[in-house]
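Structure first, commentary second.
Naming follows writing order (A, B, C and D), and every chain is counted from residue 1.
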Amino acid sequence: MAAALQDVLPKDPDFEARARASFARQSMMATLGMSLETVAPGAVEMAMPYAPHILQQHGFVHAGAISTLVDNACGFAAMTLMPKGSGVLTVEFKVNMMSPGKGDRFIGVGRVVRPGKTIMVTLGECFAETGGERKLIAMMTATMMVVETPGIVD
Amino acid sequence: MAAALQDVLPKDPDFEARARASFARQSMMATLGMSLETVAPGAVEMAMPYAPHILQQHGFVHAGAISTLVDNACGFAAMTLMPKGSGVLTVEFKVNMMSPGKGDRFIGVGRVVRPGKTIMVTLGECFAETGGERKLIAMMTATMMVVETPGIVD
Amino acid sequence: MAAALQDVLPKDPDFEARARASFARQSMMATLGMSLETVAPGAVEMAMPYAPHILQQHGFVHAGAISTLVDNACGFAAMTLMPKGSGVLTVEFKVNMMSPGKGDRFIGVGRVVRPGKTIMVTLGECFAETGGERKLIAMMTATMMVVETPGIVD
Amino acid sequence: MAAALQDVLPKDPDFEARARASFARQSMMATLGMSLETVAPGAVEMAMPYAPHILQQHGFVHAGAISTLVDNACGFAAMTLMPKGSGVLTVEFKVNMMSPGKGDRFIGVGRVVRPGKTIMVTLGECFAETGGERKLIAMMTATMMVVETPGIVD
């Protein structure tokens, strides 16, 4: 999508360890059953199994759980490209829910499309996985901000 | 905001009972500690106390919990104006996170701005309440769709 | 909407002159027939008459003209609260088109909801005016960024 | 992006002629100097040269012109997959402006990511072309609605 993406090198060689440590500190992730799968420079994949405690009224996974998964994947994708000592904050995100949250598990993918120094623009997707097949069920664009604020360090 | 809003009358006189029953079927609400407070025609208020299991890495309430609260308030606001036998689906939402999720509890307010037959446009806000004072920390616009699909009845 | 809004004081007492001069330099405004009406601290109103050169295929005003009007109102609302010597850039905006662009003229209103030092969050509305009556036809949320970059001064 | 995209077949074999006729009826396109380039099932490309009458105050192409270009590309991409006798309306769009509107000309690309019967979700991009090189400067997600309303036929 963004030709320059392949040229992006992480500014912090320990980006993966930092992302995994930060993820482990998010109690919301354990509550919703999310796991951090792949961590690459500018791209992150997370997973969340279908579970009875994260549903809406029709038995599908709640749109809030889906969007949390994708927003987080986008935020951590941004984190992989940030310098040490900084933190990432979600400025805004927008998500289109394209199909109901039905499936064995859900994969959230976040990618940095525009890696700015202060503002990073990301593209996120959620796939529902059923019997090994993936179907795109949600798409997100999110703006992340890189901050250097005491107490806001990832 | 929308002058015609005051003229909006619910098509289903049991709108509040229906909203409360539908809310009770969402396991995600119990998981995140959310409660359905006010239910009025075209406007809904929900609450969520600060809690240790819904946080991000800096100790604030996770943006995913905030947006779930507001998205849900918007969806239920739309539900209050729908005819019996129909269901509401989130088409999309966009949220601006304006301040960190710090506070005693969080109030999500959803209002229908444009009550169409098929598409309802809603405006949502999240307030952080600390010592009784409210501060606006997030703003959302969300598009809801009214469907008459077997199995998708609220 | 935002209680603290009334407390906001412009950092540059010449905010209105600056906004009007900046508006006059936007050739796009003349092309679309837009005028800058009210300029207040944190809030701006613009107008655009219905005209045959800004239509889409069904004879309504093009969604692009509507969103340009509201985005600009939001950007100038942000500009009124910025210090001298800085500039404003649109980071992103999202617009819900609620009714077709029919009417005598269109009023775009932008308000700053969260006046941050770097990031300003704004809420925008478009009203179609017909025979003096106003109808809300579009709603926007927009993120504006305050920059101090040579060449990007408003 | 969406694996199933390649399987999408247009429901109206005259989709290209219909899109070109509809485009020709949009006076806004001529006003901004836009041309309809490629029309494929589910994907459309438009172009707009840099021109002195579509600028903002710093000499860049106005964000409103950029977003009009991409919104329109998304709308026409949706139109290519609609049945004869229907029309397309923009429900909402969100655009991230990633770099200033600098370049010789601007290319707007719209693709249908989720071709529903009523709701189509699209992904749009804007590239600035300078000396033949393309740079991604804006990204959009847009929701289009297929309507069968008298007077709203493309």
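Here is the rule we use: a residue touches a chain if its C-beta (ideal position, glycine included) is under 8 Å from a C-beta of that chain, and two chains touch if they have at least 3 such contacts.
As the structure is a computational prediction, the values presented were derived from the model and not from experiment.
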Angle of rotation relating chain C to chain D [CA atoms, steps of 5 degrees]: 180
Farthest-lying chain, centroid of Cα atoms versus that of chain C: A
B-D or B-C - the one linked by more C-beta pairs in contact: B-C
Distance from chain D to chain C - Cα centre to Cα centre, in angstrom: 23
Centre distance in Å when chain B and chain C are each reduced to the mean of their C-alpha atoms: 28
Computed distance of Cα centres, chain D from chain B, in Å: 32
Junction residues of chain D - those touching two or more other chains: 91-92, 94, 96, 141, 143
List of chain B residues in touch with chain A within their complex: 22-23, 25-28, 30-32, 52-58, 62-65, 67-69, 71-72, 87, 89-97, 100, 151-152, 154
Chain D - residues contacting chain A, complex: 1-3, 94, 96, 98-99, 113-114, 116, 121, 123, 125, 134, 136, 139-141, 143
Chain C - residues contacting chain A, complex: 91-92, 94, 118-119, 141, 143, 145
